[in-house]
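Heads up, the next two complexes both have chain A, just with different partners, chain B and then chain C.
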Partner chain A sequence: MPEPITGRRARRARRPRAAWLGWLFAAPAVVMYAAFVLRPLTLTVQYSFYDWNGIGASKWVGLDNYRRLFTDSELFATIVHAFELIVFFSFVPVLLGLFVAATIRGIATSRLATVARTVLFLPQVIPLVAAGIMWSWLLSSTGLANELLSAVGLGRLTRAWLGEFGTALPAVGIIGAWVLVGLCTLLLLAGMSKIDPALYEAARLDGAGPVREFFSITLPSLRQEIGVSVTVTVIAALASFDIVYIATQGGPGNSTMVPGLEIYYLAFSEREIGMASALAVALVILVLACVLPVQRLTRDGSR
Partner chain B sequence: MAHGLINRPLITAVTLAALLTTAACSAPGSDSDTGGANASAAPVTSATCGTGPVTLKGYFETGFPLPKSLSDEFTKQYPNVKFDIREDQFAVITQNAPRVLADDPPDLMRLPQVSELVKDNLLKNLDGYATAFGWDKWPASQLEQMRVSSAGERGSGPLYAMGLNFSMTGVFYNKKLAAQIGMTQPPATLADFDTLLQKAKAAGLVPINQFNGGATGGLAFPLQNLMASYGDPAAINQWIYQKSGATIDTPANLQATQHLEKWLKAGYFSSDINSQDYATMMSRFIGGKNLFIFDGDWESGNLDKQMAGNAGFFLMPPAQAGGKQAAMSAPLTYGISSKAKNADCAAFFLNWVATNQQARDIAVKVGGSHPMGPSDAYMPAVQEGTVTASTLTAGATIGKDNGAMDFIANATGAIYAKSWTPQLQKLAAGQQTPDALLKSVQKDYETQVKN
Partner chain C sequence: MIVGRRETLVGRVLLVLLMAVTVVPFISLFVTALHPAGTYPSGLSWPDDPQWGNFADAFRSAHMGELLLSSCLIVAGVVPLSLLFGTMAGFAFGHLRMPGHRIGFLVFVLGLTLPFEGIITPLYYQVRDLGLLNTRWAIILPLIGLFMPFSVVWMRAHFVTMPDDLSEAARIDGAGTWQLFWRVHVPLAMPALSSLGILLFLWTWNQFLLAIVLVDDPAKRTMAGALGAFQGQWGTDIPLLCAGALLILVPTLAVFLVFQRRFVAALLQGSIKG
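Let's turn to the complex of A and B:
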């Protein structure tokens, strides 16, 4: 299990003068971390080599569970779905967040900016379960989305958005985008407030318009914040569980099944703890494989 | 400083190695546990609750008032017995069952499909109580679904659970809407039923609402009913009981699945079934939005209250006129943990539920279903014309035709969530053929039974 070592080494490199006495101060946190993060992680890795139902005797099966990950099309499909969700959970909120944050910064002094910030951040405050329930009402066959469509004469487009194979995954994606847009906006706004106003003034003196300002000053200065936003949202997409669980439970016909949900079903309904653990380990590696390059890419320039 | 820099990776490595070895030195799980639990089948002659204070630990299903009403009445009759009840939704109970039975053993627990729990020695063998209380003299079909043989097949062998009552399923209909399309009596054959569905469709009604969204595959109800119309219910039970060599992929079942596909293609189900949950189905039916639903008599009491006089019930008609009828009918299973502290008292309670007059009244009035027990036992009077009356009568027909089936969703612990639900949702969306559906379910079934 190389992944936690990498993570810890990176963090520790920032603190060159820690004496071993420091460990004493860190001890409570280290103990908690070991008990609630490292130990479960280690056990998960261990279980992934067994065929075990969680109660009875277990059988060592080596890499069989991992082999099944690549041969079982149903399991592999869940990983594909997770990548499709990245578009909605990551790209849409970051792009939209950039646009909204730039707009809000433009009207920073007005009261509207405060209202907009609050409204956009609200989805982050609402529990995801509540958001999921709310959206499943909005998107139901008699929900607001369909009523609006009918009202503007698009009645033939109405459908049970979460109940049809073609639309269920994008519909779940939109819920995620709605939740995450506020977080991205806030992160990016905070980043923008750190940019030296003199830069904008200089640009304006040189005759730059708002678009040029955005691409030449705002965007490059936000490199780190964008990195954080992308990292957080990509993790949210790959490890998604609650929104999907509430809105569709993976249905219809597995069309919205994601790894997080599959792990849960494998462990608790199929009682295949070994297979569930193997998928969980694979998911950890996948998340790291996606997130580490993003981190490296967005860090280099500013350091 | 150099000292620290060298040591840190070392410490990390040592810590991790230590963690790995402590965690990994033994294989997870154990097999030494409760090996003797299954063997205790000697008659228990003195299973009572005694006279001293007893607290029965119960783990019941939330949303159904029956177990609570029964336990209240029991405490009234036996004041020394108190109940400590924890409630969860059935889906949660299903997921928790093995761990709760192992770590926090209840005396009485609402059970999901039992075969896997029996394999893990988590349930008490009730044969001793069965002999002592005379349960073995009841109609055998009542207890059949709760017997598990040593080979892991259900339907025969020692008894591992008991029912509070047994449910009956079929077709509920809205009488007002039925009158609109000229339906004066329940259909006598499958062809008659088809005609009614077509008439309802032509009259602009929604013929059937059925829950089939999210993690629910409610189309399993009409599908199994159709299977029993075309084929032999005993063969379906063989499959559910995991008898060796049993298959769901038979010509009769293929005909049934094709028939269901025909209904779907003809638009007899509401177009949004793949996003419809159980509560939506019920509220639409009660609100008079559609003609039929496929459901069970656990709703009888509810429908008699909310649609008084306007709800009817019939059993799925046979393919040929005068043919035998069949229905999914299952006990409301409760079991005793193999580690339960008050097993005797819990067994006494289960026997009381089936034999005490007040308890049988409650089973019908609150539960809406037929009580367990001997066939000549006391039956509470039920008002003519109610849904409850028709579901109880239907129970008699099924008994006569020997047509009781367990649910195809109960064949294994995961078959419903992992196979029937997604496959039926695909069928509803036109993304799966009947033939491939049955083959796929059969393939999953074989893997799950092997495990």
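Let's turn to the complex of A and C:
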């Protein structure tokens, strides 16, 4: 779409003909986004007010599906599970990442750290499904986890970690923590490398130890990176699907059922489209409700 | 920088420990894959008689060749188009700044946090009504749409840093907006574009939910989606399952190791901007 250029006016002045041109450039993205994200999203909201099995006639039920979400203990439990996963997917990687990054800050440019950068990224690169398969094997009754326990004399503790009610959810959490800890460590380390070394020198001269240093220099300077790590990991926890699907399929019982997997089962095996959609709407809102405050707290108006 | 000797040592030990925790699952997978099919090997023991044939068996029984081709076709459908559309829109929102660009951009930003599960149900019916169920288009088209928020936000972040003078100079030389975009801005956007390309490749290749919902035939899925089916089929034969899982890891690992610098940079920036 060639367009004759006639105006030689000042920089910010907009030619009337060119004004709409930007939308032409944005059009393909807008069309794809509208067709395959905004439209289904609107339909999710619409379906959530209906009782529909996907084939026959649908029946308007108002807020009944949402009411069930809060009264049906099985459904509500999925949301509780998602929050429990945040502990493993978010808190553990971010805290561990902070600790490790602060400890290795001094050797961040060494050869070892360069190798570590590649190694720690491996879990981010592989499909989550593969991580799930790997860990199902490690955590199985004859897997490495139990071997190690027996080797250090804790043979009493061995069990099928993913198969017992009490341990299945934490075990799934461990898989998530394994996937995310490297990313968090490297993100935080990258943030630390931007801190002016003079600050640390000054602190040392004032006699501050590593602990003081961490709380008065490192932590405050990392506000943005911490915000990013928390955001990414919280979304990963709330919207978890792949790992749970592969490792436990929600079981034993419903002890590891998370909203993402429940939506999948409700929609595609139990044919409760309305209920699945209500849970989907709840999930979308839940993610926003968790992520927006974090963004507000940690962004200093830079965007 | 003043760093104590002891601190350096503690740092090294900690780093090695963390690397070990990261790598051990891979090693366990590899060692297990070498045990005779159908056995339940224990932990990290090296088999007496390594069964290298397991990889060939897994390759054959999972139709790995077909899967590789299928994944490549899906990537070839998703990545170039997403890059093109994302760049054009990023250029519009970041550089042309047409009337209403703020609101338009905000609508894309809001899509950044959307979990795929949030739209998967209507997406299924929509794809079915389009007659695309069980074809690769069922994965390709929705993925392009789902990648738009990130691609647009990513590319806009690049284009806002481009000075207006640059375009002004090109315009005085008689370039239309279309030429300005292709001749001046796209070449300058190459670093941002290639990082985005890497991320989109990875996310497409590893896509699982869309693959298992929208495509029944594992041979038309992504690698990750097919692995799910493979688990269902071979879940009881641990060594073979491990061999299959390893084979499926290899392509992404290979790409990662070849482009690792770009990759690490892209992933770190990617999470910051996302």
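Methods note: the second predicted complex is superposed on the first by the 276 of 303 C-alpha atoms of A that agree within 3 Å, B and C clash if a C-alpha of one lies under 4 Å from a C-alpha of the other, contacts with A are read in each partner's own complex, and residues count from 1 in each chain.
Assume a contact is a pair of C-beta atoms (placed from the backbone, for glycine too) under 8 Å apart; a residue touches a chain by one contact, two chains touch by 3 or more.
Computed from a prediction, not measured in an experiment: that's the story for all the values here.
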item	value
Partner touching more residues of chain A, whether chain B or chain C	C
Contacts of A:Tyr47 with chain B and chain C, given as first, second, both or neither	both
Chain B versus chain C as contact partner of A:Ile235, first or second or both or neither	second
Partner chain in contact with A:Trp60 - chain B first, chain C second, else both or neither	first
First (chain B), second (chain C), both or neither touched by A:Ala160	first
First, second, both or neither for A:Ala19, with chain B first and chain C second	both
First, second, both or neither for A:Arg39, with chain B first and chain C second	both
First (chain B), second (chain C), both or neither touched by A:Arg271	first
Chain B versus chain C as contact partner of A:Gly260, first or second or both or neither	second
Common ground on chain A, meaning residues reached by chain C in one complex and by chain B in the other	1, 4-5, 8, 12, 18-20, 38-39, 43, 47, 54, 268, 273
Residues of chain C defined as touching chain A within the complex	1-3, 7-8, 10-12, 14-16, 18-19, 21-26, 28-29, 32, 40-44, 84-86, 88-89, 91-93, 96-101, 104, 107-108, 111, 113-126, 141-142, 144-146, 148-149, 151-152, 164-165, 168, 171-172, 174-179, 181, 202, 205-206, 208-209, 212-213, 223-225, 227-228, 231, 238, 241-242, 245, 248-249, 252-253, 256-257, 260, 263-264, 267-268, 271-272, 274
Residues on chain A engaged by chain B in the complex (per definition of touch)	1, 4-5, 8-9, 12, 16-20, 34, 38-39, 42-43, 46-47, 50-58, 60, 140-141, 159-165, 248-254, 265, 268-273
Contact footprint of chain A on chain B as seen in their complex	1, 4-5, 7-9, 12, 15-16, 19-20, 23-24, 27-31, 94-95, 98-99, 102, 116, 119-120, 122, 212-215, 271-276, 413-414, 417-418, 421-423, 425-426, 428-429, 431-432, 448, 451
Touching residues on chain A, where the partner in the complex is chain C	1-5, 8, 11-12, 18-26, 28-30, 32-33, 35-41, 43-44, 47, 54, 100, 103-107, 112-113, 115-131, 133-135, 137-138, 142-144, 147-148, 178, 181-183, 185-187, 190, 197, 200-201, 204, 210, 224-225, 228-229, 232, 235, 238-239, 241-242, 245-246, 259-260, 263-264, 267-268, 273, 276-277, 280-281, 283-284, 287-288, 291
